[in-house]
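Per-chain residue numbering starts at 1, and chain names A, B, C and D are given in the order in which the chains are listed.
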Amino acid sequence: MYTQALLFLPLIGFGLSALLLGTARRHQAILKTVALIGFLAIAAAAALAGPETGSLLQGPTLFGSPLTFGLTDLSWYFVLMVAGISLLTVFFSIGALRESGSYPMYYAWLFAKVFGMFGVVLARDLLSFFIMWEIMSWATYFVMQQGRQEAKTAALGYLVYAIVAGMVLLGGVIMLKQSTGSFDFDVISKAIKGYDLATTVVALVLILVPMLIESAVYPMHGWLPDSYASTETSITAYLSSISTRIGVYGVVLFVFVIFGIKVVDSVGFSSHLNLRSILLVLAALTAVLPTYTALFQHDAKRLVTWHSIGQGGYMLLGLATASTLGTAGGLFHIFNHLTYVSLIVFSIAAVEYRTGTTNLNKLGGLITRQPLAFLGMLFGIIGLAGIPPMNGFVSKWFIYRSLILGGYPFIALAAFIATVGTIMSVYKLIHNMFLGQLPERYNDVKEVGFWMQVPILILMAVVLLTGVFPGLILQWVARIQTIMGVAPIAYTLSGVQSSAGDLNMAVVTIVFISCIVVAAIIFLIGGKRRIVSQYDNYAAGHFLNKDVPYNFNYHFYSAFEHIFDPLYQAAPVKTTERNLGRLVRITGDYIRRFFTGQINTYAAYYVAAIIVVLVILKGVL
Amino acid sequence: MAEKELTQRSAWDKVLANLRKRSLWMLHYCTGCGAVELPPTMTSRFDMERFGIMPMVTPRQADILLITGYLSVKTLKRVILIYEQMVAPKYVVGFGSCTINGGMYWNSYTTIKALDRYLPVEMYLAGCMPRPEAIITGFNALIDKIAKGEANSWKDYYENYEFYHKNQQHVFGDIETHHDVTDDGKYFRVVEATR
Amino acid sequence: MSELTRTPNAGRPLAALGAARHAEAILAAILSETGADGFHVKGARRVEGQVQADSLHSFAAAMKSRVGFEHLSAISCVDWIAQGEFELVYHFWSYRDNCLVSAHVRIDRAIASMDTITDLWMPASFFERDIHEFFGVVFQGNTDLERYILTDWKGPPPMRKDFVSRDFAHEHFHYKDYEPTWDEMIEGGYHGSRGKSGGAE
Amino acid sequence: MNSGLGLIVWIIAYPFVSFFLGVLLGGYGRKLTARIQRRVGPSWIQPFYDVVKLMSKKTNVSHGYMHDVAMMMLVGGTLLTMYFVPVPGFHYFSQFGDYIVIMYIMLVAPLGMALGVGQTANPNGSIGIARALEMLAGYEVTFVLTFIGFAMKAGTTSMYDLMMLQQSGGIATWGIITNPLLGIAALFALQGMMNEKPFEVIVAPHEIATGPMTEMGGKYLGMMFIQHLINLVVELTIYMNLFLGGALNWFEYVVKLFTLFTLVLVVNAVYGRFRTDSALRFFWKFPLPMAALGVIFIMWNGK
């Protein structure tokens, strides 16, 4: 019953907000209330729904088999995340979209996007999976192109990748239909076990590549930074937290549930050089390289989008180890990443709402003007860097342990190098925006309104709560692991007990808080202290005032830039994209020569075609 | 007020003073020719670290502000800014005869003749320039004063700020040090509210 | 920069400039190029002479471009209070000849004005600001004669002979008078500077 | 000391023991450096005098609430790490967090300091913090690779188990003896981790006015000194537990602590200071490949 609700509610929402398009310019409030009620209903339906094994929704039959949708543990996990983050984004956008009618179709495309994602996650057969995948890609394109001028061109970049992914997926779907004779997942997964190596390899690659493109794994990530960074900031939060994670859902669904990890392991030359180890290496690359590219960024949103690629690498890293701890870490990391990356981008949006810019070289000292945004950013970056007591640490702990104990030392080292890169770029983010001297022009900046504060507060609570008590989420992860055919993780409310080293986040947090209290007592024993103005600062005897620029933001990591600048300039992805663009233009020129536009050339083509056909027929006859 | 200060020191103040005297960090503001006497005092020849005295870089971390030589009006502005940036209890040590009464530049039109009209000076080291032995005996005398609790010239700056401020204005007008000294005095209860 | 101010030796390595001329040859070159006849040889590498104030600028330009003295090493000023004149000495230096030519210019002490040569040498503005600050000579055409050494100075230009530094110091600064009871004060413990030391307010 | 009343008493007493050990280590360090420079050097407990003087300052200057909270996070983070690192007779908290937890808790204190220094709005501080984080990519990566090698070989990431493994055969089973490559690479990393020259570019006094400590006066500098002293003990104990077989009685513990610190100090006393990028290049040219070789060696004969 809930499957139907989850599918039809977004459709109704889309219809309603599209209908209200005409009134959007005058009655922004009506549109926002409709959107709010719609997403509240979706969130309620998602929360009440549970994994229903029985009733599969039979959609219209197409190509001889019905489109079936059902709710499993895995899909319920994603449904909850999608519903949750959509509700928070709508909450935030009600406060953030001030000038009425700037984005009339904002909520309509959001409903469409949610419908597409629910469809992909609830699909129980390949055909409906493919149809919903296309709808989701188009919805993402329309959501993404709302923003500054370059958002439109960047969204086109995404569309090219999405179309390629869709076509490859279609090839995979057709191949599987031919070989197994049906679209249904269960039938396919039973049949695929008996097939020879060749067909499984081709089918697997054809199915996996679009998933990797969607989750922006390393060589195929070119579309993400530009498109996510130039859209409306609340959309950036929405996309970078959940949109790319549907690709990870696809990887989990096909690699573990349908094909099964044993089949994937058998694909390859030896136990060390199989498809899973390739995935592992790709994931390690995706974890390391984007985080160090993030170091060089001057725009806050672009820095965070590079990180969302990097964190995607962590998720894949956890899944590719295929061990209990690894998969648990990967799945848990999907939830964690959703919470803290949206928290960071909402804080950036709060700052952009007041100061109008996200350029890290121009901001500074906003901690005194926007303390809540600072706290939100602080919780977010502690989570992103994976430092206790936030939840990012727990999933990274799982991934590290599975990599070390699973015998992948250098992949574990790559994961740690990525963490160091994350810590560096994350401190640059919070330092350039909130710390340092406050420029004169931001003197009268105030905190953001109620609608924008609520999502930040909720996410801060979630990041801390699931960090201290990871068991809350691990219960779902364990249930998913049973579907994936991996031994579920033995979890407790606050961590993991195992012979090879344990984790108890509740104790760590209690000791952490008591140590801070002790430190506070030591601090208060010292003499009185007085807060002074920012111009009362050591400048080697120089008199500081408001027109003395005394902030260090530009070239923050000069040593790293000194070493890695040549490498960064020759970024391979940008050059490949440019060459591809040039190739398309050249071939376009040649083709244009054929269509000269005069009638006689077309008549000549007809005659030639008829002659050719006759020759073939005569030959055949 | 100073007499009351000396007699009623609690046992805890005495213990604290004896501990505090063993660690003095010195910011030597090399205005004149005295700075060249400091390196031998710090290094192995005379080693003032034996007494816990260490050169420090910024005014926030320093206890002693060592003015090593003549002070032109322009430098005095910077010295006052640095003095106000230091964290009390702080001690100004005038180094050499230039800070006592103008020294060799007694008839110059730009150098100030008596440092203690602009800053509360804790101790003068006579000499043009004093040798390292003089510096070390001077510092030991300062350590004894701290131990006895007499080194309270920094309170003088808060209590008689109008006197110091008037002299400073007389010499170079007003400067913006972002410190309201009288207000600081009340906030840190250096100056009893009643006065 | 007009053709006049382009230096002949600019850009060419020093060695290629040709042999260093000795003082007499330089004196002849000065006479022929600038027409200033008041010069004489003072030493192996020193030439000195008088120049009129109004012809100084053209003389300097000629020295720079035609005679090969590209470097203006200094402008100094002497206060002849008895004759009521200031004497400005312009020191030109030649890299090729390693020789110093100093042109002495006399200007009236009361009017104390001279036209600037910052258009020939940009660093000359520092020398001119220095002389303006300490002697009060106004250089026509120098846009920023702002004070940069004695930033809070309110008195007359201090290097003039009629300015007595000691009296100014006594009047503006406080002295610590010699106190015969100095030793008791030391033994008696030091109670802040304000207490004991006397001195004019 | 691992259960009941003894545990409670030890949990309360442990910070003071560790602080006192840190003071002795600090005093010994300054005395040894002085003696190397043919000076007499300060008293043995000079850091104690410094801390008392700093904490008793009367007019402290703060730049905001984050500046104060950061100092609490700084000392709190180091105390937290101290509790999780096993010491002779006390490994109660090892059952709640293994070395990966310790490695990340060690980042809490620098992050706290970084936020505090950021709020002091002084560019010298920000440059110092940027350098500290860049240096992290040098020594921390090497140290983690050595730990990964050990943990993979031993099959556990709990520091107490790793320590117990090395205790089984006396000196023969010390970490540095069984895998010399990892041990030596970790020594280089320890030099960087403890911010001793030649990797002390973070607090370059003449260049960036003691970097992060520029605007720290009075009790703020006192809190940083307390953190530094406890951090000395914690970092030396971590290296000792991983590579020198840890210690079961306090005498062995103190002896190992001081010998290890002497090695670090001697290098610190005679070396100049690397620039940040040359320090990073040094770490990526020598210790990191050495550690990688050690790990390959373990994998090669381990499997």
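Here is the rule we go by: a residue touches a chain if its C-beta (ideal position, glycine included) is under 8 Å from a C-beta of that chain, and two chains touch if they have at least 3 such contacts.
Because the structure is a prediction, the values reported are computed rather than measured.
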{"item": "Identity of the most central chain, Cα criterion", "value": "D"}
{"item": "Longest centre-to-centre distance from chain C, chain (CA-based)", "value": "A"}
{"item": "Pair joined by the larger number of C-beta contacts - B-C, A-B", "value": "B-C"}
{"item": "Chain centre separation in whole Å, for chain C relative to chain B (CA means)", "value": "39"}
{"item": "Chain centre separation (chain A, chain C; CA means) in Å", "value": "70"}
{"item": "Rounded Å distance, chain C centre to chain D centre (Cα mean)", "value": "60"}
{"item": "Multi-chain contact sites of chain B, meaning residues that touch two or more partners", "value": "58-60, 85, 184, 188"}
{"item": "Numbers and ranges of chain A residues touching at least 2 other chains", "value": "527-528, 530, 532, 536, 538"}
{"item": "Which chain pairs touch, all of them", "value": "A-B, A-D, B-C, B-D"}
{"item": "Residue ranges of chain D in contact with chain B within the complex", "value": "30, 34, 37-43, 46, 48-50, 52-53, 56-61, 205-206, 209-210, 213-218, 221"}
{"item": "For the chain A and chain D complex, residues of the former touching the latter", "value": "365, 367-368, 374, 378, 382, 385-388, 393, 397, 400-401, 404-405, 407, 409-410, 412-413, 416-417, 420-421, 423-424, 427-428, 430-431, 434-438, 495, 499-504, 507-508, 511-512, 515-520, 522-523, 525-532, 534, 536-538, 540, 550-552, 556-560, 562-563"}
{"item": "Contact footprint of chain A on chain B as seen in their complex", "value": "58-60, 77-78, 81-82, 85, 175-179, 184, 187-189"}
{"item": "Contact footprint of chain C on chain B as seen in their complex", "value": "2, 73-74, 100-102, 106-110, 112-114, 116-117, 120-121, 150, 153, 156, 160, 163, 167, 171-173"}
{"item": "Chain B to chain D touching residues, read off their complex", "value": "16, 19-20, 22-24, 43-44, 47, 49-52, 57-61, 63, 85-89, 184, 188, 190"}
